[in-house]
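In the two assemblies presented below, subunit A is common to both, partnered first by subunit B and then by subunit C.
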Partner chain A sequence: MQNLGDFKLPHFFNYPPYFTLQPVRDTREKQVQVWKELIIDYCRTQKIFVIGLEEEFPLFSNPVIERSLSHEAREAFLSALVSEGRAEWLGKGHRKCLILWHHIQDWADIILRFVKDNGLEDSVITVEEMRSGVECRGTELHGIDRAILMRALRLLEQKGKLAIFKGTSADDEGVKFSM
Partner chain B sequence: MNLQDQYRMLGENVAKIRTDMMKEQLATFRSQLEEFARKHKSDIRKNPAFRSQFHEMCAKVGVDPLASNKGFWAELLGIGDFYYELGVQIVDICLATRPHNGGLINLQELCNLLRQRRKSDREAVSEDDCLRAISKLKVMGSGFEVVSVGKRKLVRSVPTELNKDHNEILELAQAQGFVTVDEVERRLSWTSGRAIDALDTLLDEGLAMIDDGHKDGKHRYWFPCVSSISTSVADT
Partner chain C sequence: MPSLAQSFVVSPVRCDVRSHDDCMFLRQIDLTTALRPSLLPDETLLFVQDAVGLYAGKFKLPDYQSGQAYLTSHRACYVDNEEPRKRAVAIDLKDVDRVELYAGFLKSSPKVTFLPKASRLNLASVRHSGPIAASSSPASRTGSPLRPSFEPPRASNATWICPICSFSNPVPPNFDPAIANETTPLPPCQACGIKPPLVNVIKAAIAGLSNRPQNGSAKANVCPRCTFENHPSLHTCEVCGASLQSSAPASSGSTPLQSSSAQSSSARNSLDQRPDSPGPQVASQDISATLANPTESVKFSFRVGGEKTFHDRLKQALTQRKWLLQATPKYPSGSTEHGQNPQQAPPPPRGIGIAGLERRGMELRKNNELVIGNAFEDLEALMASAKEIIALAETFANQTRPDNQQETNDASALLSQLNLSTTRDMLGSANSTTNNTYLTELSRQLAEYLTDDARGILRHEGGIISLVDLWAVFNRARGGVELVSPADIAAATGMFDKLKLPVRQRRFKSGLLVVQERSRTDEKTVAALVGWLKDFQEIPPDAPLVWDWRVFGQGVTAQQTAEMFGWSIGVATEELEMAEERGALCREVGMEGVKFWQNFLSVSESQ
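Our next item is the complex of A and B:
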């Protein structure tokens, strides 16, 4: 079986018709289902947060069988993820898609755990430190997409767990926890 | 006593002697078969080729070792449990692969999946064993059936009836795993309407998947039931 780096591709990836959007409803549902799982699994293990529909993406084509997904098919699979809350379109036109292998709520829980593990309950930390600082190494927050992190932080802000304040430039927004 | 009565009695006598003789022969035969089974118990359990021959022998004398799990045979050999277990695993595999193959699976692939699943089990499983287990499932009215398409056997776990046209297409598809409309028309000498009709039905039943990604621009109809997904590689 083929691999993409350390990622083991499922068998269907080598079966040509899975690259054509199936016309029969039942068959298409099953097809969409396996593609959804593949996209989520791949993004989670490779830490990919954004998929550009018109850009090169390893899952969108299989050179071994000389097949690639049409734009329509890409959009169909990602839309299916969006409708389940496991992805979101970025902007209008459906050109880029944010992949949420964790729901925003789950990311918020991960942040809370991170805060407790590091004893930051009453501290101040910058947003950038949360995704690339020493403390986050080895946690799921390491390398998290900034947009997703901000969404999760805002959710926690609404719940009164923290306050976000602006720094002097865009990349030094700070977070004050109050838990 | 008149002559007619005498004839009748004589006739009955002869018939009785004959029946007794046959009963005796059959009893001898059965006891020898039992003796044989006892002696070769472990071969029957471990060696699929031996097992298949034993089944054939049993069938010839009208003994069905799988007829009942409580019977002498099943108890002696424990093969009732063996086939029961196979049956359960076959149902499992058919259900698990149904989303992909529409409920029709190559016997060979089914057998491979069965062996993978029973890896820990040292007893080998043959296609003959699969067929026996399936025939037991059929008795339970589970809708499992074995259909022959060309040289291959396919196991059907959905109530779809395949007509002659569908069968011929599946047979044609065995070569490469797919067919095109052109190919069906040419090889089977069908009109294009007949070919498209049959292919559309197979699509609707979930037994075929369409592929319009080949560079020659021809639509291909793939049949997961004839081309095992685990072994399929690039088509040329």
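Our next item is the complex of A and C:
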């Protein structure tokens, strides 16, 4: 078993055919399945939210066996993730992909739990603080992608759990919880 | 001891399948793998016709009504369509006295009748046949014409003529011509007291046998015009020449004939008015051969035509009498002396490389020299080795004139030596049915060619050969004579399955057509591939590999597969893709091209 950073790679990573998009339908389905899980796991542990297709993503190539995924293969796997609902394409054209190892709803729940744990009801907190503040260290919110956070917050706003308003500085927003 | 009266009774014998060996001169033959008659070394195939039925005498043979007729220089064969291995019979042309053609009338199909040689057959068989099965008859003859259900004949009313005084003495009642020999006591002539030679008595006894049907049937034929009592098997009165009515047919227990009415109406053809007596029948009008002749003629009935060509070629074959050539001695091979019987030439020493080739060429030349020298020294030896000389001359001619495509007799003789002689010419005019026959015969020939162990084409190609390769090899073997078009090869191989031949055609996903043995299935191929790939997990590789070969093994390219199994590259690619389709293999596209691995992706990821 190899390690990529501190991430334990699965057995398959050393299997050269793993990096070739299989033409046979059944085999391809299995292959896609394995890749999806791998991507999700990796992103979750490494806190990676966005994958760019053109960029070098360490998961997509294995220098040990000198094999890497072709562009077509990457797109195929990410599309599979998108259709499953665990990812989204950012912008037009399939260039960047937002990985949602938690659904937006899950993120919303995490935010609510965070608020409850820290007693932040009826108080105001900036978005930045939510992301990288003292309280959120150790939670999943730490280092969360801003776009995801905003979407989760908006979802909660629709539900009426909080209100978003523009803060004093132009580039930050504040959140007022009203559970 | 059975009474005299009982011994006269002729038990009716039907010419059905069981009594084949005894009632006519048909006999079982061997078939090749493609269900065609296997030819003797000098035998050439002259004609093929399908939709043929067999008749024995007047009766249809029940199981032999739909099959193919093969006419060769030595035999006329019949191979049934449904049960080819069980029902394949042939008539030796050397046993045929003559042949008649019946052109068909209304519902009755044209027929070619084979009339056996009566006298030689009988005399030989009577002299040599044991009580029942005539195993002692000469090897070239067919089974004994005497029916085993016959009691050993006792001609009590036979008379022999004394050669001295021409008195007719009765043949003694216990005299059995079958087992008579020198020690049999013979009574002397009643007039002059001289003991007769054994031969006369035997002949007379046999002659007496021929009179037995007279006692068996109703009564002697009485001529309507002059009231002369004729022999019952005559068709015209001996005195006045009036045509005789055949005796009323006994209840025919045999299969009813559709064409019996039509046949009997054509009174001109005397063969059809043969008396329907179930006893021994006289095959021809000529009964000066007074020997009892229980053999019957055999008829081939042509349901869709072809009888004209068959008849013509048959007559040709009968006049040519190629079976006699079998008796000629072989020409001496290079290592034996002139005039000696040819021994088996020791196999030439296997040479390797150029030296071996040169040595072989030299030996060949020496042999040729010897053959030509011997042949031309002695004119008789030339006649005997005429065939070989012709073959030699032909090969030389082909070498010097490679573009000569003219088909001569010799070329076709050479061709037929290779058993590749199915040509359109052989099958009559080109209409759709003939085309069909051509394709059927071609496919049988292809099957034989492929399964021929001496050549081992299929084996050489690893058991599977693409149609293109087959076409090339086949035409090359034909030697530039009567080449087969690719369309014909494709159509002929398509018929393999229908004819139940041991090879079959297979179409890959990409449209590639191949021919392979019937027993080779996809599963077997996949299992073979996987087994081979598994080996890679055991054997350590030569060069160090960057992945864990113990777990994954190695990938193989199409090239490696082709080398391993003996296939061609195209076939190897197709087989690998087929295995991939089934999920046994998965591919990997890398810098070196496409490689195929054992499919570990499909294994559940319980890591």
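The rule we apply is simple: the second predicted complex is superposed on the first by the 175 of 179 C-alpha atoms of A that agree within 3 Å, B and C clash if a C-alpha of one lies under 4 Å from a C-alpha of the other, contacts with A are read in each partner's own complex, and residues count from 1 in each chain.
Going forward, a residue touches a chain if its C-beta (ideal position, glycine included) is under 8 Å from a C-beta of that chain, and two chains touch if they have at least 3 such contacts.
Keep in mind the model is a prediction, meaning the values are calculated, not measured.
Taken together through their common subunit A, the two structures put subunit B and subunit C in a clash.
Touch criterion met: A:Tyr15 reaches subunit B and subunit C at once. In the superposition on chain A, contact is made by A:Ser68 with subunit B only, not with subunit C. In the superposition on chain A, A:Val124 contacts neither subunit B nor subunit C. Look at A:Ala147: by the touch rule set out above, it reaches neither subunit B nor subunit C.
Shared-chain residue A:Thr27: touches subunit B and subunit C both.
Stretch 96-104 of subunit B is the one among 78-86, 96-104 or 132-140 that clashes with subunit C after the shared chain A is superposed. Residues 11-12, 14-20, 22-24, 26-27, 30-31, 34, 64-67 of subunit A lie at the contact with subunit B in one complex and at the contact with subunit C in the other.
By the touch criterion stated above, subunit C contacts subunit A in their complex at residues 546-548, 551-552, 555, 580-581, 583, 586-591, 595, 597, 599-602, 605, 607.
Those residues of subunit A that touch subunit C in the complex are listed here as 10-12, 14-20, 22-24, 26-27, 30-31, 34, 37, 64-67. Across the complex, subunit A is touched by residues 99-100, 102, 178, 203-204, 206, 209-215, 220, 222, 224, 229-230, 232-235 of subunit B.
In the complex of the two chains, the subunit A residues touching subunit B come out as 11-12, 14-20, 22-24, 26-27, 30-31, 33-34, 64-68.
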